[in-house]
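Chain nomenclature is as follows: A, B, C, D, E and F, assigned in order of appearance, with residue numbering initiated at 1 for each chain independently.
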Amino acid sequence: MRIVVTNCNTTQEMTEEIVRGARAAAGPGTTVTGLTPSWGPESAEGWLDSYLSAAAVLDALRTYEGPPYDAVVMAGFGEHGREGARELLDVPVVDITEAAAHLACLLGRRYGVVTTLERSCGQIEDSLETAGVGRNCVAVVGTGLGVLDLGDTDRTEAAFLAAAERARAAGAEVLVLGCAGMTGLQRVVGEKLGVPVVDGVGAAVRLAESLVGLGLTTSRAGSYAKPVRKRREWGRGVG
Amino acid sequence: MRIVVTNCNTTQEMTEEIVRGARAAAGPGTTVTGLTPSWGPESAEGWLDSYLSAAAVLDALRTYEGPPYDAVVMAGFGEHGREGARELLDVPVVDITEAAAHLACLLGRRYGVVTTLERSCGQIEDSLETAGVGRNCVAVVGTGLGVLDLGDTDRTEAAFLAAAERARAAGAEVLVLGCAGMTGLQRVVGEKLGVPVVDGVGAAVRLAESLVGLGLTTSRAGSYAKPVRKRREWGRGVG
Amino acid sequence: MRIVVTNCNTTQEMTEEIVRGARAAAGPGTTVTGLTPSWGPESAEGWLDSYLSAAAVLDALRTYEGPPYDAVVMAGFGEHGREGARELLDVPVVDITEAAAHLACLLGRRYGVVTTLERSCGQIEDSLETAGVGRNCVAVVGTGLGVLDLGDTDRTEAAFLAAAERARAAGAEVLVLGCAGMTGLQRVVGEKLGVPVVDGVGAAVRLAESLVGLGLTTSRAGSYAKPVRKRREWGRGVG
Amino acid sequence: MRIVVTNCNTTQEMTEEIVRGARAAAGPGTTVTGLTPSWGPESAEGWLDSYLSAAAVLDALRTYEGPPYDAVVMAGFGEHGREGARELLDVPVVDITEAAAHLACLLGRRYGVVTTLERSCGQIEDSLETAGVGRNCVAVVGTGLGVLDLGDTDRTEAAFLAAAERARAAGAEVLVLGCAGMTGLQRVVGEKLGVPVVDGVGAAVRLAESLVGLGLTTSRAGSYAKPVRKRREWGRGVG
Amino acid sequence: MRIVVTNCNTTQEMTEEIVRGARAAAGPGTTVTGLTPSWGPESAEGWLDSYLSAAAVLDALRTYEGPPYDAVVMAGFGEHGREGARELLDVPVVDITEAAAHLACLLGRRYGVVTTLERSCGQIEDSLETAGVGRNCVAVVGTGLGVLDLGDTDRTEAAFLAAAERARAAGAEVLVLGCAGMTGLQRVVGEKLGVPVVDGVGAAVRLAESLVGLGLTTSRAGSYAKPVRKRREWGRGVG
Amino acid sequence: MRIVVTNCNTTQEMTEEIVRGARAAAGPGTTVTGLTPSWGPESAEGWLDSYLSAAAVLDALRTYEGPPYDAVVMAGFGEHGREGARELLDVPVVDITEAAAHLACLLGRRYGVVTTLERSCGQIEDSLETAGVGRNCVAVVGTGLGVLDLGDTDRTEAAFLAAAERARAAGAEVLVLGCAGMTGLQRVVGEKLGVPVVDGVGAAVRLAESLVGLGLTTSRAGSYAKPVRKRREWGRGVG
């Protein structure tokens, strides 16, 4: 099966890193294709970025011209857009925020999220809540690092471990990597912390495979009906 | 004071109608300027439209070149974007969804919302919840009418009254017009129903005036910090 | 328009201070009249005081003989009575507790309240919850000062700033003055804290003006129906 | 032990009826004394009445001059005042609303309340919520009867049974009599409905006996500290 | 009346201690009979133990051959089984977890639980939540002591006091002994802490007496219907 | 990888049916082994059965002597035991109740469960709540069929469709098969209803594969620490 993984920002290197994380997690027989929006923010940090990102990712999906695919993974932690993609597409859509939380709930009674800037915490809380998996989340904490700072792996690891202690003190028995750009970090910090650490990219790939394997896709009843036909313009001066 | 009222869609007639509603509600000394996004959906119905709309409205605000203003009213009921505008702007931002709910809470113990298509109900519920005013909402019900069908006022009124009965049966003591395009309907249906009916456009204008009058604006601490400087592209091929 | 502002206690000086705060916040064309109950506690601190105050304030409203008015502001932070006034009166009633919370929700994602004695915190939490605006409140903290100690402005300011830090640490992005007697304090502490500080008296005046301006008043459907005619005695030996 | 049972209204016949209900429920060795407030409403229906009643009942308790007692039962279903009495008195205070709910939770997974006028439902919901026992309540329904109509037992029984069906349909496995004046009705309607029916008066008497028997009384830490000494006037012209 | 008190583990000494606690709390005319399961864990600490204990206690109740009884108290704090006993038996069933919480709610606005090992905290939280009394619980904290360590009373008292401070700091106005084996500790720690301390064993005995005295027993409507007749084997090779 | 699927009852035919469902859902390379407890109820319907089942299933797992395995799926919908298995085992444990809910959350905004007897609904609600996925569940409805009646497929299908309409009317956009014995029914009812129908057995197998594939297993921090060494007897007269 083929899974399209959408980056939430325009930074191609990050798409590649996310694709690497997705491939490392995918089961045999799964092909992963990365999709970078042609517009939007170079990193998504805060609501302004997130709304811009959501529109750009939806635009990338609706104008996608690659090979057919079976599911979409949306790789923006706490970013908007998943419900729109569910309306747009006939295949299952899994967002990495909810995916990480779903798996975390299976591994411990309470989980925590460690993310980038403090400003992103509120968005993540809202995203978990509306996805229906907020109840067992005891803390969303920031590391103070920007998305594009995550390339410095030593600094990232140290900041993650420090923030993770705050989540553990709040009762987290499982931790979640709160940014797509952290993918790959789970093993090293997991060992140091002695608790499971869930990477949303990997979690979402596996959940997407699960839905496809079970023949399940988004309900068209109620919320995620197909978009109504109408005039829509995606950016100034373009159709 | 000047209030900019943003339409969430590209339909100029609707902007004009909303501006009329806003002006009818505004206090003396308030000037209302309508702002129609130059791109986006012609009407916002569902999440796909809403995310597209959010980006387009934020783009309109960031590229606005009119006279200085004191507050922004975002006139899309249940539509996304308000948090992004709060990051972007130094003046208060009031969304009509939350505004209507805030006033409705002052008028009865439980309120209900009557909106357009059923597919919009979930979005509105999420918007009320994250705005912190969902607790006293007992029902969000659809009329089955599309946004662009609201011009037929007899049909709209009849559909509103029928849907309102369902909200009343669920315990609503106050009703809210669940679409910016319904502005003006509140008086006639209010009289027929015998309960207060709150129009979000008018409510938001008054709340915006209140914040400005009190010298209050969005907190920069935590969630709504100023956007980080970075490269952002607003639509394909445009900067 | 005329707004009657009820003090929740019998201390005339506090009524005057509240009226000053209300007038400072009111829009042009609004007249503010203070109303001091002729009986009740000299300050309201705790439930016993609050219930006594509620009855005394309702008695003052029902026996009011001044000029006609358009709305009532109830200036007791966390004190009981607002629902009773809504039953009694045909004009809108706004309580300063809920009013401050409504505006605070528009200014940040989470807010906190700084009040007088610790014993008042629970009452305030209950009041916010039943008003439907408790969800985004992260902390209600006490300064340890009694209501009648607030006249010492240096001490009050220092105590407020210390308590505010606790609310900020709990995630508050906006603060609320948790006592009518603190009115006026918002500007100085707001500047020092660098976050918006909402005064309930001003907030309630503006919300009352908003409701009146929009032609809205309390719903008579369900909870706030007119009181049933019956024999009621307001205090021993008086009718 | 002696338990003082306070009526929430000035109707002496109702006090007597409540005392009969309390005595029928009390264990051996318990003496029940009725206390009728000397002022207040002749029946409590709605918030205005309830706040007036709260002050009058507190006044009756603070000026009580009868024999010493070990606990107080407050017999007003959904009426205000219990927290004030807890501040005022050194003995345990049990309100019939919470008492009925506490026992109902032990008898089934979900319970419902059948009360008098529809207008009282909201107050009862708030009272259960703040008492901490609202979670398992699935419905509060009205019979349409006023408090002083309950003397007509055939009509009351019929109205109760009809309303009880609505609560049962909502999932109630246990029912609660939602008015002190219904005391005694539990057995006949319980048999007809085939589910347990809890009378708050009896429940509160038993809970009060339990607390006294275990040597427990209200905590003075935090919320229910002793009232601060100050000037309070209980009604116009009286001290 | 006769109350059967079930220990949740096979340690006979603990049954005896619990029976002593129950008898100390019981009213005149109540006979307390202890029941120790013939299989199960020697102490219940964690979910595995708790599920084993639940089955063993239910088996002990269904095969009980002693004198007739009027109510059952289940003396395992946070342990499973209460709903099953309600299905099985025609007499009231009161679990000490919920019982302590019910009484604690009457004594202060918020309560906390101090238990044995940290691993038990989650179970207790779940038990309070499903019993409908979780709302007013602000903290469940562990002492780090195992159930069978509680015999060392000095160490237990010191550990309890230390943990209680954490619950108090979280806002608890009342404390609950979070283990049946702590019964008797309430008086000494209550005096030292200056707040009421509720023992679940005593609370449950009093609540059971209350239900019996009021002629109330478990509803058969809905959740707690009688068990369906079927083949059940209670342990390997036994019928 | 090998997954052990535990039936919650002693009916071997049902184990076989569940294993068939699990195999149909499993990915390539997964071997499914069924495990039937050697004692317990022949079907689990209600809390008594569920607690008995939990102990018997845990006993079967602890005494399992088959080939090594990588994960456990617990195939009892709404039944107890999952937390105990997590303590006991080093491999991931997935319960079909939570598994179905996790996937349902990815397919629609709100889901509903259709189960067997009405008496099971409460248990399922509690199970979803404590698993952290109850928020988006709008209804748990019964078909009135016992577990062992499900063999009559025509009757089961008809009863399911009728009950499903009630869940749909309550807002469910996705449905969940509320009994392990319904496995296989999802396709035929899904087509007739026009919404996705999730089978918990298949969902749990896929989630277990996902966790194993990602190298994740239960956290030992906090709730699911390894069982403390102690004496435990699993059924009368056996060790």
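Here, contacts are C-beta pairs under 8 Å (C-beta built on N, C-alpha and C of every residue); 3 or more make two chains touch, one makes a residue touch a chain.
Just so we're clear, the structure is a prediction, and the values are computed from it rather than from any experiment.
> Keeping to the contact definition above, tell me which chains border both subunit A and subunit F.
none
> Give, as an integer number of Å, the spacing between the C-alpha centres of subunit E and subunit C.
Each chain reduced to its C-alpha mean, subunit C and subunit E end up 44 Å apart.
> Please compute the C-alpha centroid of subunit A, do the same for subunit B, then give the distance between them in whole Å.
Chain centres of subunit A and subunit B, defined by C-alpha means, are spaced 29 Å apart.
> Two or more other chains in contact with one residue: find those residues in subunit D.
Touching at least two other chains: 83, 109-110, 122, 129, 222-224.
> Select the category (line, ring, star, complete, other) that matches the graph of chains linked by touching.
ring
> Put in order round the ring, from subunit C and then through subunit D, what are the chains?
With subunit C as the starting chain and subunit D following, the sequence is C, D, E, F, A, B.
> In their complex, what parts of subunit A are in touch with subunit F?
Against subunit F, subunit A makes touches at 25, 27-29, 83, 92-94, 98, 102-103, 105-110, 129, 131-136, 168, 171, 173-174, 187, 194-196, 198-199, 202-203, 206-207, 209-211, 213-224.
> Can you name the residues of subunit C that touch subunit D in the complex?
10, 38-43, 45-52, 54-56, 58-59, 80-81, 83-88, 117-119, 121-123, 126, 129-130, 146, 222-225, 227-228, 230-238
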